[in-house]
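The two complexes that follow have subunit A in common; it is paired with subunit B in the first and with subunit C in the second.
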Partner chain A sequence: MSATIDIEHPAAASATPGPLLKRRRHGMSDRAIAWLFITPTIALLLAINVFPLIWTIQASFTNYRANMGWLKVRNVGTGNYSDILSDPDLWAGMQTTAHFVFWSILFEVVLGFGLALLVNRKFRGHSLWTTIILLPMMLSPAVVGNFWTFLFQPQVGLFNYVVSFFTGIPPSSFQMIGDVGLAPWTIVLVDTWMWTPYVMLICLAGLRSIPDSIYEAAEVDRASTWRTFWSVTLPMVVPFLMLAILFRAIENFKMFDMVNLLTNGGPGSLTETVSITLKRAAFEKWQTGWSSALAIILFVAVFGAANIYVKVLNQVKRR
Partner chain B sequence: MKPIAKTGRWIVTLAAIAALALGSTAARAEDKTLTLCWAAWDPANALVELSKDFTAQSGVKMKFEFVPWTSYADRFLNELNSHSKLCDLIIGDSQWVGGSAENGHYVKLNDFFDKNGIKMSDFVPATVVGYSEWPKNTPNYWALPAMADAVGWTYRKDWFAKPEVRQEFKAKYGRELAPPKDWDQFLQVAKFFQGRNIDGKKVYGAYIFTERGSEGITMGVTNVMYDYGFEYDNPKKPYDMNGWVNSPGAVKGLEIYKQIFDCCTAPGMTNAYMSEGLDAFKSGQVAMQMNWFAFFPGLYKAMGPDKIGFFVNPAGPKGHFSQLGGQGISVVSYSDHKDDALKYIKWFAQPAVQQKWWQIGGYSALRAVVEDPGFPKSAPFAPDFLVTMGIVKDFWAEPNYASLLLDMQKRTHNYVVAGQGTAQQALDGLVKDWAKDFKDAGK
Partner chain C sequence: MTSASTAHSVVDATARTKWISGVIVVIYALVTITPLLWIFLTSFKTSADAVAYPPKVFSQPSLEGYCNLFNISSRQTPEFMASLPPPQGYCARVARERGMVIAGPSKTPGRLLNSLVIGFGSTFLAVFLGTLAAYALSRFRVPVKDDLLFFILSTRFMPPIAVAIPIYLMFRQLGLLDSYIGMILLYTAVNVSLAVWLLKGFIDEIPREYEEAALVDGYTRLQAFVKTVLPQATTGIAATAVFCLIFSWNEYAFAVLLTSGNAQTMPPFIPFIIGEGGQDWPAVAAATTLFVVPILIFTVLLRRQLLRGITFGAVRK
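Coming up: the complex of A and B.
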């Protein structure tokens, strides 16, 4: 004897679907709704990021000039790339950029970390001082470049007078922006002033993420202040420091507005960073093909370096 | 259909109808409005005033798009290259005429001039060649000369008039202190005033253009280099530059400019152009100032006849020249209001309008205005302006002029301000840069 169990298949159960099922058939599926929401973003990404990238790669192999529509566009192969990589002026620009990136990040990290250590303690007026320290990074780089130009004015600028006050050197006897030796340090100084608070914030986040229990344990083990800093604080803050270095390096590699307004790439071409060279080639000389090749080279360089750096950062975090 | 959805449909429909109605009204209103694009400076403000007469006569309203000089070329060349309809009329720099003509940005005006009796022979020849013609020295006109301009000099008349200063100068140089006529005299005067104490303040000899980013230092060095024999190319063989751009005379001219920069300028003037010069002169920092004639009406008004004097760019052993500035007014070919724009050009070309233009702060290029017997007495700088317009020379106006200009900016600034290399090396490098630019441009 067998027992028969009738199992009704939901689809076959009813010849006429119920009201709930009726609404689902007329509405959109979850998948469709998800696509509806992300499609504008994807379209924007494709239009603003992906398509220009593909177009730029294509243009980099041509002699295209956007302001000379009549000039026959021809394929130059890797001509633009070899031109760029063998251009001594461009390597000088890369050197200027490297100098700027290296020294500004070094000073920002040292000063930012130091400020974070100070601000991490509770003291009177702590909130006020923290706000004051953060003010420079709230300004726009163009505004900063502009007003530092006035501050560096050797005859009436405040900077020269302050230096003169502390050192006794006559204020108009030196000029930060116009001097061949000092101009590269001028942009480092201004960038450090502006972005040290940013590094400070990231380091502060790192310092505050260290559990008190670790410090207590170090205290119990009678570790000195220096030992505690070297063995506890620094290792735990290093991932945050490395993150700050990564962000600042990417930003400073493509720094344009502040440097352009401060020195215009001068004196001569001594502070002409690669971004200024790129802008001049693309939008003043209208060497669209050549500047596309330069943009791709810079993109590959930054992307590659960032990838390697992130791998190292992940290893440090795992440790 | 649910009531809410139905109401919503009606709201959307009504809103769309309203938007269409407003849009068409706006379009109808804009049919009678012209946008004129230029740089933001005093003559532009004068043109706004002058244009009120055009609006009163024609009923066409004028809108203006003025951009600071530092972004002028960037902004408007971008507009033209992207075929923007922003500008109906544009007062473009003289160097743009080649590129704008060949790229189809400007409307060719020959037929219009012929139909309306506007003759280019009525305008100062240097301005016709410099602002209107492309190719140069051919009767193909792309602009009406609008703002005649060139580099001139101002000097502190009151300092030059001080008896003790004059006495000391004469004792040192054996001649009367006066505005310099050549570059040797210029250097003497500049060195004499450099670091001198006048009225309790330390002053400096001269202000010269050193701006790096756009065109400043080039517009400065050429004033000396032309006088020493610098040529853009072989007059008998176009684009043959070696031996002309980097001739011994050209090298000497560039060296003299560097000498002036090193010996006789105020500290901090390493990236200075028009406005810095005006500030330096008005604030009593410098004895002599290089700048465009366009600024002289405003300077004269600000400082008064006792303090300011004017002189023509000094001469050199190989000639007497001055760098041409100035602009022509063109009709943008992408404009939807070309007929009205041409009306403006016709109105602007009238002698009475040109006369008023000169009187309110513009610089007319119409011969009837500048060759009028009363013109030299019409302003204290008028005689020097007249002389200067007869000795002007312009930079390249090729379609790829921007590349040529940036190369010269780099080479001259590297040498003059940054002190890198020699003048010969700078100009040899410039020949190579320009040769490459012309090769890339298919010349």
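Coming up: the complex of A and C.
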């Protein structure tokens, strides 16, 4: 983490094979090796990702139920899709997801960017403390969701105790997980705890990619600290910030594991993100056809976002 | 913003701003690490101390949680207890104090073994396939290379539950549900996309001159790959392997839907460690501690490569 974080030089990335490498007399041809090396990976991805995807598209037009294989599978055309898009419960789930995505990313960006600015001051020991801050994002979201339920225990949990210590509210008077008003914020809180370091690390890379010479020039121009921040620091960090925001947005849009173990979508279906709806429809109600259609809708949304993500990624890479 | 007091240079912060920044960062770090420390402390508490009010920071250290994690105990009548010979070993003594006897080993060692086998198996395969593909994509002209790279990465963005629906049916058909082979193949497929992107970044950085020299010396392309590229890519391969291992180790969604016993890994197992009357928190905390410590160690070792890992090799340190 320490010392230098800078972006590769453009020259290093895009070298093309020299003419020397094309003509050789023995061994396999480069073409053969290229295909031999790439094919297994592509074959695996076709088998595990693309083939199931095609199957899902097919199933999404039927009323297939995977637990009742004996039922005659009927083609329902686009029935599942129109069902889903006109289902008020599903739109409520989308709103839940949007609330979760919006607020968690907002907090992560504010905290992460702030921390990155502070860490970038390179105070003594910053490397050690940065490493400590990074730890939560490497953990298993499922295990994180599970142990936070312990911290959120109404009477004996550490979180409630700390809140009551500072505010005087009795620790048994509120439930972070069971309360209708608090539960949507509980998942935001835990996600922020876990993923702020992610945003911080990427912002830090952005800050360190800014050459000192630009700051020196701003100083010569007698630009104020604010002005330097708005017209030098921020614009230079924005592509990195976009990278972090897009990735977190995709990940949180499809969030399943942490929320499933923290609130299990409850109370009621108040924290039921779209992935939890999908899991319930597919593996508890066994509406395979209907959930395939929902899966396709999710996939299209994620695929679109991933496309933008990769564009930003390539833009950052060229810096 | 935070840089308010630096009237002169922004490049070199003054001693005072450095000091203030340091204090804020340290406070954040301490707050953020507290939940983890709390779980660690809880794993060394007795069941009563774990749920005491007010919460006890320091308590009589006990390995009860670890005992309960690895053993199944059952409650017995006082008469039966009185008829038993004195307990052998620490865990038996702790159980005896609670009016229980150890009935046998728990499922924990099996689940840990599953996590290790599936984690290492899928990591090995993903890194093996990823190294080959990354080399080819780094060094050769491959038609539609950019589309191929995007396709490889896009598979990683698929929502796991959406993928799990057809995979569940496919595995059921092939008899791969709840099996090592099924889980290893699935995790390999998820990891290989990261492996290709990361390793391509690492291999791009190895100068071509070494290989070209080897080729001039009469090596075949394959020999040049094995003798010059692989040795120089060792750090990259090791870092990639650790990222793959951490993913497989942490994965929950596929594991909970596609495994139930034989191949169940730790993440879906830990929430179901229960004692008499609900979750046995010291045992859950013990399992969490054992599960998390390897990741923490790897994170510290990997800290210089983390940025690459979370940006698919695009942003280097």
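Going forward, the second predicted complex is superposed on the first by the 275 of 319 C-alpha atoms of A that agree within 3 Å, B and C clash if a C-alpha of one lies under 4 Å from a C-alpha of the other, contacts with A are read in each partner's own complex, and residues count from 1 in each chain.
Quick note on the criterion: contacts are C-beta pairs under 8 Å (C-beta built on N, C-alpha and C of every residue); 3 or more make two chains touch, one makes a residue touch a chain.
This is a predicted model, so every value here is computed, not measured.
Student: Report for A:Ala306: first if it touches subunit B alone, second if subunit C alone, otherwise both or neither.
Tutor: In the superposed model, A:Ala306 contacts subunit C only, not subunit B.
Student: Scan A:Gln155 for contacts with subunit B and subunit C and give back first, second, both or neither.
Tutor: It touches subunit B and subunit C both.
Student: So, does A:Ala66 touch the first partner subunit B, the second partner subunit C, both, or neither?
Tutor: both
Student: In the superposed arrangement, which partner chain does A:Gln287 touch: subunit B (first), subunit C (second), both, or neither?
Tutor: Touch status of A:Gln287: first partner only.
Student: Pick one for A:Ser231: touches subunit B only (first), subunit C only (second), both, or neither.
Tutor: Neither partner.
Student: Just checking: does A:Leu117 make contact with subunit B only, subunit C only, both, or neither of them? Give me first, second, both or neither.
Tutor: A:Leu117 contacts subunit C only, not subunit B.
Student: Quick one: name whichever of subunit B and subunit C touches more residues of subunit A.
Tutor: Counting contacted residues of subunit A, the larger count belongs to C.
Student: Which subunit A residues lie in the overlap of the subunit B contact set and the subunit C contact set?
Tutor: 66, 153, 155, 157, 260, 283.
Student: Help me check something: in the complex, which residues belonging to subunit A touch subunit C?
Tutor: Those residues of subunit A that touch subunit C are 1, 4-8, 12-13, 15-18, 20-21, 24, 26-28, 30-31, 33-38, 40-42, 44-45, 47-49, 51-53, 55-56, 59, 66, 111, 114-115, 117-119, 121-126, 129-143, 146-148, 150-151, 153, 155-158, 161, 171, 193, 196-198, 201-202, 205, 212, 215-216, 218-219, 225-226, 228-229, 240, 243, 247, 250, 254, 256-257, 260-261, 275, 278-279, 282-283, 288, 291-292, 294-296, 298-299, 302-303, 305-307, 309-310, 313-314, 316-317.
Student: If we count contacts the way the header does, which residues on subunit B are in touch with subunit A in the complex?
Tutor: So the residues of subunit B touching subunit A come out as 73-74, 77-78, 81, 99, 102-104, 211-213, 266-271, 285, 399-400, 402-403, 406, 410, 413-415, 417-420, 440-442.
Student: What does subunit C use to touch subunit A in their complex?
Tutor: So the residues of subunit C in touch with subunit A come to 1-4, 6-11, 13, 17-19, 21-22, 24-26, 28-29, 32-36, 38-39, 42, 51-55, 129-130, 132-133, 135-137, 139-142, 148, 150-155, 157-170, 185-186, 188-189, 192-193, 196, 204-205, 208, 211-212, 215-216, 220-223, 225, 246, 249-253, 256-257, 267-268, 270-271, 279, 281, 284-285, 288, 291-292, 295-296, 298-300, 303-304, 306-307, 310-312, 314-317.
Student: Give every residue of subunit A touching subunit B within the complex, in rising order.
Tutor: Going by the criterion above, the answer is residues 63, 65-71, 152-155, 157, 172-173, 175, 177-178, 180, 260, 263-270, 280, 283-287.
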